[in-house]
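Below is one structure. I have some questions about it.
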């Protein structure tokens, strides 16, 4: 089974990396799609997010993970690349109605593609890119939220981030 | 990826069959485990449930689906058979805490096995084996809840079931 | 529209009475069904619950409310009495999956009957008959949980109940 | 009982139509209020939405359904027209807190009007006007989401919509 | 234990006041922080909200309650003032994921501060400042939502508000 | 503020210990009540649970923590000991309705006592005594679920427990 894991990854977090590392062995290929997310000013440009995820996957020895930027319908990409499933992560009950709806639409669009889910590891359920964006606006970033590589990139762009 | 889909399937419903049919193409092998569920008096004996599921899978042309009875830890079975993942179905938000906890334990037991989830198809979210058991106690069973094969077996054992 | 409001009402609470009082003006007739609920030892016998509800409805001037004991399928009663809808009360999110499932089955059974819902009034969301049963076991019953009439009946049977 | 079913219906979906069709027989009159929803650019102008709903209700033989545009407080409309209740549809647990709050306010405003609820039919829980708006932006619209009449109107305005 | 209760309080409601009154006896000092909330046009300026809350606390005889405006990180304020805990109120299940995440971050920022929770009293779960803002926009404000003092201030600024 | 943290603690978990350790500094005294929980066969007798918790609290240097067995109403104990609040832990959304109801009753019983809540630390949300009881029945107990001391006691009674 080839799978697609799409998101904006702005920035990539330890939660994202954990899902990718846990999912990679389950699929013959895992394609990580980085959305441009034009609606809001990104913390990191899409090319940087792709580069960071590619290095993180390589550092973790995940040979079957491919990282790409993509702005279209995810189901369309999946079809074009012969992928069998979309992969999504769930952190809490509150995310269910949206995910349930998206899974239904993706099964109905373009001949249909299934969505499979992994739960976020308990220690990562409170990590989200949007929380990181808010923390960075406060010039803070506790350890254990983003990979060190991402932390460095964020500090390069936004100056020193207090660790607590 | 080889996966295990465990449950008591007492009786098998259209919801179960839909998950099996949607999941089978995603895995190289899908092993469906039928628990004996000793705690309560079953509607159908475990051997009958295995036989029904086997016939339903065959009728649906699902060649990579294996049905077996099993009473031990599911993670233990998964390890013994070289399966990479447990498959679970989610119908609504209320099921999340239990599923999240079970996925955590199964990742920690026996060297660890991941759990992947599919959402029940919307038209099947209200179908459950326990509801069927209650309906049969009332001598009723509306169409569109269990496969016809299961309906016949239930009527053989419990007499005519009103369809509305 | 004629409606059926079924429950075990063991004992009737201010929450039940509020639903009945709010619903009565919405329907041409509101039939309150009191289940025998044989599975557990009741706090009050079913005849007593019927009598209490009848007096409470009369005291509240609810002329179109009928109280009856019933042990069968509620949908069957609704059909027999020409009722158009079942009425249910919702107190919190956690009750949704069960209510959603029951509404689906009742729409499919016996030619179908719709279920309409009212939310419990905020000040009554924490009131339940099962909580009252537990409180009575502790010989306590704060005011503002059951109608005074019910309180008296409970004290007649179970002795004085501390009000805090 | 006369009831009001208010929404923006931009566009009307099969989910809306199902609620209207199931609710109409329960009330002596069902008034469907179409909000102008000025905050966002509508997919269809309010007059068009009113016209579509009127034709859909007529096609379904729902003689006691009235469709009107309205921008004020819904409770005010209900009072003016002598309606006894507001009708709302619930699709999932996540909608409860908002609906519970609105029902409370509407019971307290303008002398009070009750809100009654129907659950969306399971096969329609994932249908929403906002999802349709997003799909149309992608030039897609799977079958089974909006009535054919609405589909035609959308294609007239937005060009061909792919059906998967 | 000294605690911090932060919010925008625009305007203060009976729900806020109830939490403050119930929490004050539990702490040696309760510091209420009023955020400027620059993102949206406030109903009342922050100085007015501080003044109202101070008068409400005084009128209620809550001698250990301090009201202040604050725009920084709440955890930073807590540290600076030697407070041991943040206080939050929970009204319903839907608020849990956000509160759980914030509590985790506040435990990790600035050396860590715990967050303790009180449930809103049932009769206040449907009260929110945002609902009041919407009601005021409609020139309405039912009794039992904000303290009388706040009601008067709102009427001074926005003209007469209908009480139902 | 003096607080009461009541539960059955059968057995004590790392989750319980974490709540006790985080709460102890917030209160002048924290009284941990161990219920006898007669309804089911306990994994450990109540005296053993009290002894284990006492040793765990001592080992953690929590000087203001008192452990006691108690079978009565918790609110009654709180009143008798001059405690201001009950302490409860919340792991997920699904626990809210029950906790909200219990908090309401405890505020109304015996003159009233408030309930304050802490969220379980994310890495402990999936830990529960009932899960431990089930694991022990399978002769398993992964590390990181109960304190080492409890693990040893369980092994003394139930024989070796596999760690994965």
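Lettered A, B, C, D, E and F in written order, each chain numbered from 1.
The working rule: a contact is a pair of C-beta atoms (placed from the backbone, for glycine too) under 8 Å apart; a residue touches a chain by one contact, two chains touch by 3 or more.
These numbers were taken from a predicted model, which means no experiment stands behind them.
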item: Length of the shortest touching-chain route, subunit A through to subunit D; value: 1
item: Intersection of contact partners for subunit A and subunit F; value: B, E
item: Farthest-lying chain, centroid of Cα atoms versus that of subunit A; value: C
item: Comparison of B-F and B-D by number of C-beta pairs in contact, larger one; value: B-F
item: Relative to subunit F, chain with the most remote C-alpha centre; value: D
item: Averaged-CA centre spacing for the pair subunit E and subunit C, given as whole angstrom; value: 37
item: Interchain centroid distance [CA atoms averaged], subunit E/subunit F, Å; value: 31
item: Contacts with 2+ other chains: residues of subunit D; value: 92-94, 96-97, 100, 104, 122, 125-126
item: Chain pairs in mutual contact under the definition given at the outset; value: A-B, A-D, A-E, A-F, B-C, B-D, B-F, C-D, C-E, C-F, D-E, E-F
item: Subunit C residues touching subunit F - in the complex, by the definition given at the top; value: 91-95, 125-126, 128, 131, 135, 138, 140, 142, 144, 164
item: Touch list for subunit E against partner subunit C, complex; value: 92-94, 122-126
item: Contact footprint of subunit C on subunit D as seen in their complex; value: 1, 22-23, 25-27, 84-85, 90, 92-94, 96-97, 99-100, 103-104, 107, 114-119, 121-122
item: Complex interface listing, subunit A residues touching subunit D; value: 73, 93-94, 96-97, 100-101, 104-105, 108-112
